[in-house]
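Listed next: structures, encoded as structure tokens.
Note that chain A is present in both complexes that follow, paired respectively with chain B and with chain C.
After this line comes the complex of A and B, so read on.
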């Protein structure tokens, strides 16, 4: 079966230094009509799970109604959250417990000072309050850390924190460069990423709970494991468009957006999915051609770097190419 | 109420989360251990956070839950002992009366 990643809103109540600037001024929610249509077609597209992202997805004005739409569509659901609104929504999750597979809380430091430095003062205690509620009520949760120069030394401590809090696991991911992201100060170089990845592998061996890496890590194989490219995952942005993936969603300015595949305001999910399948087939054929031409470079083994390069050349590409700034090999 | 001679304050490293006004989950940021308080404990905790003295909290319990003074005093002092043992509150001697 397949899953949908649904960006419910680009609004957020935090101003994280490692997030895209447009989110800081976000004011849009995914229209309820689009969500209804998508969930109506979910079964026809072999989708049985929806994962809500954002922005802060719980800020969507119809969040509880959307949970009910998932239930009506026979889809389980999960979401990512900064935890700040959790006290307001947890009862809705308890009432739909059978369909709720878990929440991933963003915790970007094992220490309060580190987390708050990245996500804003008071946000560490907010997210730990949310974890407390989950622990007390039995709602499943995991933690996610975006790895930066400021928190990379706290990976072990984050796993310890997760175990203590009762988290079901930890996921580490890399910062995506983009407008408004404090890339120079925060991003790890590609070679630093390799070191950090070996740390994650060590933690995977030692930890009492599952430790995973989000897509974007170095892959020996040019055909790395990737939900969208394996046709397991459909990504819908808050404007109601089917896009190639969530990792690069928000990377480009609206005028560019080479990752957009179909507009769900104009067509059904079934028709958009057919376009998506064709786009992925083209993507994979192009990659095979690039390999055959001997043009696959070392940086291309980082999936997000490859996609950013493949989908469109922008000034931000320099993050992966320039020898003078973080991101170089 | 001998404990009323002390000031008791919530430890700054404690994150508290009230659930439906009936229960409270406490998490100590250093030990990373959870604790839970029932409705009475939640009531006492909220009064503590307001800066109430133990004597005032006891009086409040008597009024709210219709219990006698001895029962209320015992409840407050017992909870304070528990909270202090777990490092969830800090107790400091109250300063004496001014002058003299």
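After this line comes the complex of A and C, so read on.
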């Protein structure tokens, strides 16, 4: 079965230093009509799970109604959250517990000072309070940390914190160097990412709970097992468009969105899915051609770097072309 | 060396002279620590506080974890440092031992700042032994064995309700803070089954204070001089010297949680809270140290067990609290009667 990643809103009540700048001025919600249509077609597209992202997805004005739409469509649901709104959300989750597969809380520091420096003062206590409520009520949750120069030394401590809180697991992911992100100060270089990945592998061996890495880490194989490219995952942005991947959603300005595949205002999910399949087939064929021509660079082993380059050069690409990668030509 | 007792904990403080200079005996008394004879029971759990003459510093490798207007906290593995930039206290969280260098300027600070400093240290020491501070008044009914915690921040009505309860013959442990802990396992199987997962609350401060502005509402009590509180406002101590020891309460097993909120209404009302709301409000009322990574799990578990053990109500406190609370307490008894006996799982 497949899943949909649905960007419910571009609004957020935090101003995280490592987030895309346009989120901070966001004011748009994914229209309810689009969501209804998508969920109506979910079964026809073999979708049985919806994961909500944002912005802060719980800020969507119809969040509870959307949960009900998932239930009506026989889809389980999950979401990511900064935890700030959890006190008004948890009752809705308890009432739909059978369909709720978990919330992923963003915790970007095991220490309060580290987290709050990235995500804003008071946000650490908010998210830990939310996790405590989950633990108390038995609602499943995990923690997610975006790795930066400021928190990379706290990976072990984050896993300890997750165990203490009763988290079902920890996910580490790399920062996407987009507009408004203080890349120079925060983003790990490609060689630093390799070091961090080995630390994650060590934690995976040691930790009592599952530790995973979000897509974007170094892959020996040019054909990285990515949800969208394996046709397991459909990403819908808050404007109601089917896009290639949530990792690069919001990466380009609206005038230049090479990742957009179909507009769900104009067509059904079934038709958009057909376009998505053709686009992925083209993408994979192009990648094989690149490999055959010997144009696959070291940096391309980082899948997001490859996609950013493939979809169209932007100024962020210079980050992925940094010369620090070991053995780089 | 001076020895102080709180519950089954003993705190060794030395040396005496430095302790006196730091006003520790009176501050510890205010926090309900009782001075004991030096040969006191060795079976008690021991904590220690040593005062040193040699200056100390916070290691540069320690991470800052706390910042208030008067002091800062730093953590380095299991060591916690509290400093005002001149004085430094080092607390070993594993051993429950504190070592302090107090600069000469420390005793010149306003008393409220010194009190806050030591209250923080004592709360931190208590955490090393599974005791957690909660902002709550602790009351017990004169009959029916009804133990109630009244939980909320300053200004929520804890002291007002405490004084109303005293007028109606209730017993009293604290109007401001209690220390929670899981009950020890009992001596017998029957007691063990009954007590294993229950939570005990012990009053932290035996004195009761009211806002100076509200003094006129408590004319039947003798009020002491004005003293500043931590928010910069003024409060007055209620002289409870006439209260018999039978009306004093050390510790209790709470059976009801009240979260008061002053409202503009003639009569008070109780609104039942679901357990998650009670849990969430208890987290709000826990001390700032709740989110200390090393102790948060046991702390939140203790709070969770308390919620399982005692149903929670919001008390929308009307004007009757001040002059005619008899009906309010009758309602409270009725609520307690309606609740099924609740045994924590």
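As a working rule, the second predicted complex is superposed on the first by the 321 of 329 C-alpha atoms of A that agree within 3 Å, B and C clash if a C-alpha of one lies under 4 Å from a C-alpha of the other, contacts with A are read in each partner's own complex, and residues count from 1 in each chain.
Everything that follows uses one rule, which is that a residue touches a chain if its C-beta (ideal position, glycine included) is under 8 Å from a C-beta of that chain, and two chains touch if they have at least 3 such contacts.
Just so it is clear, the structure is predicted and the values come from calculations on it, not from any experiment.
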Ask   = When the two structures are superposed on chain A, do chain B and chain C clash or fit side by side?
value = clash
Touched partner set for A:157, first chain B, second chain C, both or neither = second
Inquiry  = For A:132 in the superposed arrangement: first (chain B), second (chain C), both or neither?
reply    = both
Query = Looking at chain A, which partner touches more of its residues: chain C or chain B?
reply = C
Message = Touch test for A:52: chain B only (first), chain C only (second), both, or neither?
response = neither
Request  = For A:113, select first, second, both or neither according to whether it touches chain B, chain C, the two together, or no partner.
outcome  = second
Ask   = Which partner does A:87 reach: the first (chain B), the second (chain C), both, or neither?
value = both
Ask   = With the two structures laid over each other on chain A, which partner does A:165 touch: chain B (first), chain C (second), both, or neither?
value = both
Remark   = Interface residues of chain A shared by chain B and chain C, listed 87, 112, 125, 128-129, 132-133, 135-137, 160-161, 164-165
Key: chain B residues within the chain A interface of the complex   = 15-17, 19, 23, 25, 27, 29, 32-34, 36
Touching residues (chain side chain C, partner chain A) in the complex = 63-65, 75, 275-276, 279-280, 283, 291, 293, 296-297, 300, 304, 307
Ask   = Taking the complex as given, what residues does chain A use to touch chain B?
value = 87, 112, 125, 128-129, 131-133, 135-137, 160-161, 164-166
Interface residues, chain A side, partner chain C - complex = 87, 90-91, 94, 110-113, 124-125, 128-129, 132-133, 135-137, 157, 160-161, 164-165
